[in-house]
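In what comes next, chain A is part of two complexes: it sits with chain B in the first one and with chain C in the second one.
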Partner chain A sequence: MTRKLRRAVMYAVLVIASLLSVFPLYFMIVSATNTSAQVLGARLLPGLQLLTNLHALMAQQDLLAALWHSSLNAVSTTVLALIVCAVAGYGFEVYHSRGKDAVMNILLLTMMIPFAATMIPLFRMFSEAGLANSTLAVILPAISTPFLILLFRQSARSFPHEILDAARIDGLGELTIFVRMFIPTMRSTFAAAAVITFMGAWNNFLWPRVILISNSQQTITMLISNFRAGYVIDYGVLMLAVLVASLPTMIIFLILQRSFANGITGAVQ
Partner chain B sequence: MKPLTKIAVITVAAALSLTLGACSSNSGSTTTSSSSAGSGNHLTVWAWDPTFNIYAMNEAQKIYAAAHPGFTLDVQEVSWDDIQTKLTTIAQANQLDQLPDIFLVQNNAFQKNVTSYPQLFADMSNAGIDYTQYPKAVVDYSVVDNKNWGLPFDNGAVIAAYRTDVLQQAGYTLADFTDINWSDFLTKAKDVLAKTGKPLLSGQANSSDMMMMMLQSSGASLFDAQGKPAIVGNQALLNTINVYKQMVQAKVYTEVNSWDEYVASFVNGDVAGVINGCWILGSIQTAKDQSGKWDLTDMPALDGVPGATNYSANGGSSWAISASSKNFALAADFLKSTFAGSTQLYDTILPSSGALANWIPAAKSDVYGQPQPFFNNDKIYAKIVDYASKVPSNNTSPYYYEARDAISAAVTQILGGTDETKALQQAQQTVEFAMQ
Partner chain C sequence: MSTVRLTAKPSPATGRRIVGLEKRHSLTGWAFLTPAAVLIAVMSFYPMIQSFILSLHTGRGTVLHWASPIWYNYARLFQDQTFKLTIQNTFIYLVIQVPIMLIMALILATILNDKTLRFKGLWRTAIFLPCAVSLVSYSMVFRTLFATNGAINDALMGLHLIDSPINWLAQTGTARMVIILGLLWRWTGYNMVFYLAALQTIDYSTFEAARIDGANTVQTFFHVTVPQLRPMILLTAIMSTNGTLQLFDESWNLTQGGPANTSMTMSHYLYQLSFQSNPNIGYGSAVSYAILIMVAILAAIQMKVGDKRD
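So, the complex of A and B:
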């Protein structure tokens, strides 16, 4: 009886906790279908304003262009970051040289420097290179991050060295070993790294806002920021914009969910 | 190590081809890397709010292009916070060619930016603009060292808007709240609360907006004439804090946590009044079911302070021309002929966006005398322009925001029970430290 009771209490607590964590998501979805005045009145039921809000959103801002720029930035950043960081992480673990650990330590130390501190020199660099206002300027600073290199290095640790030696004896080149053996084994690490990088790049705001001077390059986060800048905020339209901006990351996370969990915990498939 | 070199070469090649591919799909826009400023007969502008500032700019372009064929304008939508970030970054990285020709600056931040980054701003004193056609208080926001660095646009004159139906329930009319003092307001507001259950005002806790409006209504400032912080022993400030404290304690002023909650408080009818810059009118009109029930008048004046008036300002913004602009003459002439010279412009933008002129000649137009159905068919725009012309000038100082934040913190402490003198002394020290 006591076990049943304990179970019931546990479930009750879990249900409340999950409701609480799902509520903001629910409110965002419901608000996207209500008018601004209804959102301010904290209406919790779905309304009939979805199409009106969508129409207003498309009329006020170039939503499709913003989604395209965000996708382009996020996908390019993710692909490049995976290549660069996987090679780096693999190299740090598999090859041995004298200064390797020192380099790794310096790399890890750079994780401690906040972006705001490097923003002005970065702006200067890109501006003088004639790259201000370009997609390249948004992507380049994000393709090599100490965290991803560390993630790949840690997972490369569980990559059996015997296989490596066997492959070398069989005459496989280093690149073939990396592409044919390391990448397939580390699929879950790649999935985790892809989710983290994609989310970071998709949600990136400060740097694109500074370096992208023209609105023709506007990303979805910049679009949302502009919605809040006016004297009158249409909360229904704003919530719809936030919903549209959250969908891609939600979908990617749901697709890669299992691999993500495995990748973070370091499991090898 | 040879194979590793191979990997590196291939990776770099792949990375470059991918990003170059990514960029080529954006051809055109990526090549305009440096110098976003326009040339010839073209100007670039940074401003926020497509239904207000950006709309006004585009209408100005149409008017100017009619007299100057071929004139084009590229208005980029950038929020004020982002303009501030960009100004700071561009100034510190010394990349002035990234500035547009014209940008919009919040009035309260104008002096701080001109003082901190003088290299960004062009001197507009000799641009041929007649500044005497603007209220002095509004021009003063963008004056540093007796030079004009901006052209006032957006009107921030303070209005007191009330729900006349609620006032009526309590046995009052709008006239009972016109040209009054805060002590009178408190008595009546308590009565309205007792009879209708509705507080008259609301505002964000930890924000000193309300107190700054009260302070400016008497021409007082948090700084003395030499620009030194004058928080301790400032009688106008003491009276302001006292009124604020009494309003919160009597529950006639509801403190909320965020801007969104503030807007919700009057849109949902939880409070029966609003005192703020006239740009708040757009938010009030979100509540379509309350149409005809609102009306507006001037704000209460401080008791026992010399020079106290019923008029003040909150916010507002001014156009600036960048020092690096290669088109200074064109930009100055454009602003002079439109924002400081065209009643047609203000007649167009007022009905559709509610953008009120600071430029005094515009107020003579018939458009300003139209009755507004939402506001009890009152001629509110003529009223606001009249209020704007009576706002006392005050010293904003480059350290305006630091002083404001210090006052917010001090008032939160005072409401929590801290001794007033001690809290204000601490605020004074905080500002003095920031100014070192």
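So, the complex of A and C:
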């Protein structure tokens, strides 16, 4: 009897937690197809306003430009971060020495530096270099992160040393070994790192908000945020904009959920 | 063949060659980690030092000079009612939201770790899903849901729980509550995934053994699950604290800091000081250092408490 009760409680908790988790996203999706009045009126069924809302959104905002800027930022951050951090993580582990461990410990300290504490000088540095409003300024601070280096160092730990020795005896150069041996065997780590970096860069708000002064370079998160300034908000259009901004990361999440989970927890295992 | 030669006792000549090789490998290693280390030095360490130097300056816009007395900005922090208010707001979020979230995440992870549970993937995906949307996106969704003439008020009035719509975002208590609800929604699944990962490394038989010994669910949870997850609980507590002290997107987009700054976070205030009308970056830098020091102190306290053995 208590066993049955226990199971009932377990499933009840899961059903409630799942419904609460999914509801705001469901609301966002159906609201994108409804009029502003219907959204406020808590209409929970899909409507026929999707194209009207899309039309209004494109007329009010430069949606495609914002999507392009976000894509450019997210993709270039991901590619560069993966190269720089994978090479570094591999370097720390495979060639490890006391000096390198000391450097690693110093780098790990930066995990505790709040972004707030570096934001103002970063803004000044990039502005003085004439790089305000540039893609480079958006991505540079996000490329090298202790978290990703740690993730790659952890996975390099499981890279068999025999392979390394054998490849060296075969006369392969150190960089060739990294590219041809390490990268293919660590595919899952790269997937995990790519997913979290892409999602982080796509969703980033504060730094782009600071460094992209002119609206011509605005990202999709900045575009959504600008809605809050309006006195009369068309909620149907707003929810459509939020949906468009969320679709890429939601699709990546649903397909690569395991990689994402491994990415956020990987470095601490 | 070559392996045989390597395992043989090296002659003085080959010995020197191996030392030379090791030196070269060590240099390769340094070359490998240089780009990352330089970037972190330039993008984190250098600005952190600059920030401190800036915090000793006063002046508006780009015209800056050394403050006199040199600690002027820091003295001003203690007089600044708005800053005190944003500290208070941030700590309200921290003290209420983080414990509730971590306990909920622990309970959900424990349930999902049950071997007999069905549709495990489905529950996990659903509860983890909020992490797929950006902080700005969910802030706007919550803003819409909690609008005065919005869905939540309609539902509550439909159920006759309230007579007239509540202006959620225009009252201090409810505005803070909406931010806390938003944070709980966005981050519970995230922390649950950490606990699930940790639970999977624990031998499942310890849970079964506890049950066979007659422990009930609650006893097993407190005496078997929680102690084993202690390092992970410490880690998630530090991460959540760090994140809460840096909250910006929700304050900026969901409540706009209102009403009258009573839901504004420290980072939001910092942004306002440093980048909005007539910026005062010297004082902004002092605020940013105050945040840095709070993050460091709280992390140190948590590590001290978390390390304690029973």
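What we mean here is this: the second predicted complex is superposed on the first by the 234 of 269 C-alpha atoms of A that agree within 3 Å, B and C clash if a C-alpha of one lies under 4 Å from a C-alpha of the other, contacts with A are read in each partner's own complex, and residues count from 1 in each chain.
Criterion: a contact is a pair of C-beta atoms (placed from the backbone, for glycine too) under 8 Å apart; a residue touches a chain by one contact, two chains touch by 3 or more.
Just so it is clear, the structure is predicted and the values come from calculations on it, not from any experiment.
Engineer: Return fit or clash for chain B versus chain C, each positioned on chain A through the superposition.
Structural biologist: clash
Engineer: Which of the two partners, first being chain B and second being chain C, lies in contact with A:V232: first, second, both, or neither?
Structural biologist: A:V232: touches chain B, not chain C.
Engineer: Counting residues of chain A touched by each partner, does chain B or chain C come out ahead?
Structural biologist: C
Engineer: Figure out whether A:V210 sits in contact with chain B (first) or chain C (second), or with both, or with neither.
Structural biologist: Once the two structures are laid over each other on A, A:V210 reaches both partners.
Engineer: According to the stated criteria, A:L54 is in contact with first (chain B), second (chain C), both, or neither; which is it?
Structural biologist: In the superposition, A:L54 touches no partner, neither chain B nor chain C.
Engineer: Would you check which partner chain A:M112 touches, where first means chain B only, second means chain C only, and both and neither mean what they say?
Structural biologist: second
Engineer: Applying the touch criterion given at the start, work out whether A:S134 contacts chain B, chain C, both or neither, answering first, second, both or neither.
Structural biologist: Only chain B is touched by A:S134; chain C is not.
Engineer: Looking at A:S246 after the superposition, I want to know if it touches chain B, chain C, both of them or none. Which is it: first, second, both, neither?
Structural biologist: In the superposed model, A:S246 contacts chain C only, not chain B.
Engineer: Looking at A:Y95 after the superposition, I want to know if it touches chain B, chain C, both of them or none. Which is it: first, second, both, neither?
Structural biologist: A:Y95: touches chain B and chain C.
Engineer: Can A:S76 be said to touch chain B (first), chain C (second), both, or neither?
Structural biologist: First partner only, chain B.
Engineer: Taking the options 260-268, 332-340, 368-376 or 386-394, which segment of chain B carries the C-alpha atoms that clash with chain C in the overlay?
Structural biologist: Answer for the clashing stretch of chain B: 260-268.
Engineer: Go through chain A and flag every residue that touches chain B in one model and chain C in the other.
Structural biologist: 40-42, 84, 87, 91, 95, 119-121, 123-124, 140, 143, 174, 178, 206, 209-210, 225, 228, 235
Engineer: Note which residues of chain A are touching chain B in the complex, please.
Structural biologist: Touching chain B from chain A are residues 36-37, 40-42, 60, 69, 72, 76, 79-80, 83-84, 87, 91, 95, 119-121, 123-124, 127-128, 130-136, 139-140, 143, 173-175, 178, 206, 209-210, 213-217, 222, 225-226, 228-233, 235.
Engineer: Would you pull the chain A residues touching chain C in the complex into a rising list?
Structural biologist: It comes out as residues 6-7, 10, 13-14, 17-18, 20-22, 24-25, 27-28, 31, 39-42, 84-85, 87-88, 90-92, 94-97, 100, 103, 107, 110, 112-125, 140-141, 143-146, 149, 169, 174, 178, 199, 202-203, 205-206, 209-210, 221, 224-225, 227-228, 235, 238-239, 242, 245-246, 249-250, 252-254, 257, 260-261, 264-265, 268-269.
Engineer: If you look only at chain C, which of its residues touch chain A in the complex?
Structural biologist: It is residues 2-3, 6, 25-26, 28-33, 35-37, 39-40, 43-48, 50-51, 54, 104, 107-108, 111-112, 114, 116-117, 122-123, 125-138, 140-145, 147, 149-151, 154-155, 185, 188-190, 193-194, 196-197, 201, 217, 232, 235, 242, 245-246, 248-249, 252-253, 256, 266-267, 270-271, 274-275, 281, 284-285, 288-289, 291-292, 295-296, 299 of chain C that touch chain A.
Engineer: Help me check something: in the complex, which residues belonging to chain B touch chain A?
Structural biologist: 1, 3-4, 6-8, 10-11, 14-15, 18-20, 22-23, 25-26, 29-30, 32-34, 36, 48-52, 76-82, 85-86, 89-90, 92-95, 98, 260, 263-264, 267-268, 279-280, 282-283, 286-289
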